[in-house]
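I have placed the structure first, in the form of C-alpha cells, so that the comments after it can refer back to it.
By letter and in written order, the chains are A, B, C and D; residue numbering begins at 1 in each of them.
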Amino acid sequence: MSGHPEADIYHRQGIGQRAGLGTRPALVIVDFQAGFADPEHFGGGNIAPAIAETVHLLAFARARHWPVAHTRVVYADDGADAGVFTRKAPTLLKLTEHSPLSQIVPELTPVKGEYVVRKQGASGFFGTALASWLTQRRADTVIVAGCTTSGCVRATVVDSMQHNFRTAVATDCVGDRALAPHAANLFDMGQKYADLMTRAEIEAAYRNG
Amino acid sequence: MSGHPEADIYHRQGIGQRAGLGTRPALVIVDFQAGFADPEHFGGGNIAPAIAETVHLLAFARARHWPVAHTRVVYADDGADAGVFTRKAPTLLKLTEHSPLSQIVPELTPVKGEYVVRKQGASGFFGTALASWLTQRRADTVIVAGCTTSGCVRATVVDSMQHNFRTAVATDCVGDRALAPHAANLFDMGQKYADLMTRAEIEAAYRNG
Amino acid sequence: MSGHPEADIYHRQGIGQRAGLGTRPALVIVDFQAGFADPEHFGGGNIAPAIAETVHLLAFARARHWPVAHTRVVYADDGADAGVFTRKAPTLLKLTEHSPLSQIVPELTPVKGEYVVRKQGASGFFGTALASWLTQRRADTVIVAGCTTSGCVRATVVDSMQHNFRTAVATDCVGDRALAPHAANLFDMGQKYADLMTRAEIEAAYRNG
Amino acid sequence: MSGHPEADIYHRQGIGQRAGLGTRPALVIVDFQAGFADPEHFGGGNIAPAIAETVHLLAFARARHWPVAHTRVVYADDGADAGVFTRKAPTLLKLTEHSPLSQIVPELTPVKGEYVVRKQGASGFFGTALASWLTQRRADTVIVAGCTTSGCVRATVVDSMQHNFRTAVATDCVGDRALAPHAANLFDMGQKYADLMTRAEIEAAYRNG
C-alpha cells in the first residue's frame, strides 16, 4: 500500500502506525460460505485464492489450539429477520440456515469446539456474542480472514479494533468480488484499524508461540 | 459511482438497491471538530467544503425539529481510555475534552437539545448511547454528514444500517483528508449500507415533510 | 407492591414514576421453553400459570399484528459457546438446538413472521439482534412476558429500558421457580425500569389501538 | 444467603455454583457519587458503610496495580440525553456533569490512569466503552463494589457476566437505600451471575497475586 498517491498525508498526521500483536491470538474467518465462493451468487474476484490460503492458516491455528470462530450470514426461512441490509442486497435472504449457499465451504468446515456465529449484519460482532466468546477464551488478538474485504471483513475488523483486540488482517486470506474495493479497504484498514500481514508473516510471528 | 469499472458484478448479484428513507429522520454529524478541519492535524482534502455544506443541512434539520446528534472524538486527559485505535493513530490522544482541537467547529456549534456523543472508537454508535438516543426520539432514518468518509463516517454508517435505521449519506456533506479513499468508501456505502444522496436531494425528499 | 415496607424511600426520592406506554408495542416472550416449564429442570413456582396467561396475551398481540419475538436459551451441541453463565448454572448446557428442553412450549409456538432469538446470556438483547429487529419494526414499546422474573425477564427488561423502549412487565405473564425472588424483582422493575401492568390492563390500554 | 427458604430448588436444578476467579482482576466501582451517599437524594440504607469498606478495597487494588474503573451517572445540562430511565426516576436528571451530587465521593476520588465511565443507564457497560477498556487491560475478572445493589450494581454484574468476565460481588462493598432489595439481589446474583465474597475473602484470594 506504500505506493498509494495520498498516503503521505496519513504519515504526516501520525496515522498508520503498527499496533502490534498480542500473545493470545484467535482466528476469525468471515463468511467463507458457499454462496460467497460462487461468482453466480456473491463471489468472484480473488475470493477463491483467499479460501485456498485460509486452509493453511486454519491448519496453523488448529495446531496451536487457537480459538477459532467462523461467521455465517444466515437469515430466517420466513425472512422474519430481514432489515436494512437486505433492502440494499435482497439476494442475501437466500442464505437460510439449510441453504447450500449458506454453508461454510467444505475445506474450512468447523470442527468441535470452534464457534459458529450466525449474523444478519456486516460485522461478525454486531448483534452476536463473538466479543464475549473471545473474552471467555482470553484472546487479546484477532487474526481476520474471510470475505468480502470491502464488506464484512472491514466491518468485523473495525469492531475488533473498537473492542480493543489487537487486530491483524491476513492480506492473502481475505478476498472480494471486485479488486479495486479490495485494495482500497486494505489501505483503510492498514492505516487506521489493523496491521496488514501476509499469512507467512502471521505464522512467523507465532511459530514459536 | 456508476462509472466504477467493477460495478457490474454488484448489479448482477442483486446488490446496490436503494433502501429508501423513512418518515422520521435524524441528523448525525460525525467528528466535525476543529482538529479535523485543520490539515496540520487530521484535516485536508475536501473536509472544508463538506463543513460548509453541512451548515445548510443543519439549518434545514433544525427548522424541521429533527433530532440532531454531533459526535466528537474525546480522550481522557491522562489517556486512561487509550486503546488499539490510538496505537494505530497516536495523535488522536491530543483530542482531550478541553483541547481546541476537539471542539466542534464554530459554524456547527450544538444548540440546546442536540446530543453530543463523546467516543473513542470510529463509529458514533460503538461504546455510546447513540442508538438508544435515536430510539428515544423515535427516529427511523439517519442522515449522515461529517468526516472522514473513509473512517468514522463509514463506521457510523455501517452501524446505523446494522441497527436498522434507514441510512443516507449526504454525499456533499462528508469529506476526507484524501480523495481516493473518499470515493472508494462512498462506493462501498452506496452498494451495501446506505443511500447516497446530495444535500439537495435529501432536502427535496423532506421539504414538505 | 405498595405494601413493601421500604417503598417510602423510593417515593421520597422521586423514584417509581410511571413511564407510560407508546403507540407501537411489541411483545417479547422470554424463555418459555419446555425446560423452564418443567420443575424437574428449570421450572416450578408460578411459571405454569404465567404460560397459561401468556397464551391469551399472545393471541391479543397477533390479532393486532404486533411484532412478536420469542427468546430461547440455546447452546451449541459441543458447548463451544459456554461461558460464565454456564459456570454458575452448568445444567443450562442441556439446552441445545434440538433438545426437547430448549423448544418453546407448544401452546406458544412461533408462527411465520415472529422472531426467534437464540441467546446464551440472561438478557434477550445481549449478544443478539433483538434491538435492531425492534427498530426495523418501529416499535417504541416492549411488553414483556416469560420466565424467570428474577433472571432473564429482569435482564431483558433492564436492557429494554436502556435501549429506551417504553417497557411494561405483564405481571401475570411472568413467572419464576421461586416466589420470593419473583416478588422482589417485580418490585425493583416497577420502581426503576418498567411499568407493572396485568394482562388485562395492557389489553385495555391497546384494545382500541 | 444459604438460609433463603426457596434456595433448595436452585440447588436441585444445578444452579448456584461458584464460577471462580481469574488471574487478572479489575475493580469496577459503581455510582459511589455524592448524591447516592446522601439519604436526601438517592442514598440511605447501608450505602455509607459500603463506601467505607470500598476505601480499603480500592487501596488494595491500587497497591496491586489492578485496572480500576469508576462509573458515574451523568446527564447533559439541558437533559438532551434523558430517556426511559429518567421517566421512571426523574430526579436522576439532577446529576449533571458539574453538579456536586454527581461527583464521586471524596474518599474514592479517581487517580491518574483510572477510568471514569459516564453513563445514563443502569449498567456500567450499557452505552459505554467499559467492556473495551477491560479488554485493553486484559482483565479476565471483574470485582464489583458500589450502589445500589438492586439497581446499577445488579445491572453491571449481569452485563459483566454476559461479557464473560468472571465476576465477584464484594458483598460488604455494595449498598442500597433499602435492605430487603439489597438482600434479594445478592441472592439472585449469587445464584446466577457472580460469586459473592466479602472484601476480606477477595483480598485473601489475591493477596499473593
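Here, a contact is a pair of C-beta atoms (placed from the backbone, for glycine too) under 8 Å apart; a residue touches a chain by one contact, two chains touch by 3 or more.
Values in this document were obtained by computation on a predicted structure and should not be read as measured data.
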item	value
Interface with more contacting C-beta pairs, comparing A-D to A-C	A-C
Shared interface numbering between subunit C and subunit B [over half = same, under half = different]	same
Averaged-CA centre spacing for the pair subunit B and subunit A, given as whole angstrom	24
Inter-chain centre distance, subunit A versus subunit C - centres from mean C-alpha coordinates, in Å	34
Sequence positions of subunit A contacting 2 or more other chains	83-84, 121, 126-127, 132-133, 136, 162, 164-165
Complex contact set, residues of subunit A against subunit B	4-6, 9-10, 13-17, 19-20, 39, 41-42, 44-45, 83-85, 87-91, 121-123, 126-127, 150-151, 154-155, 158-159, 161-162, 164-167, 177-181, 184-185, 187-188, 191-194
Contact set on subunit D toward subunit A in their complex	131-133, 135-136, 138, 140, 162-165
Complex interface listing, subunit C residues touching subunit A	76, 78, 80-84, 112-116, 119-121, 126-129, 132-133, 136
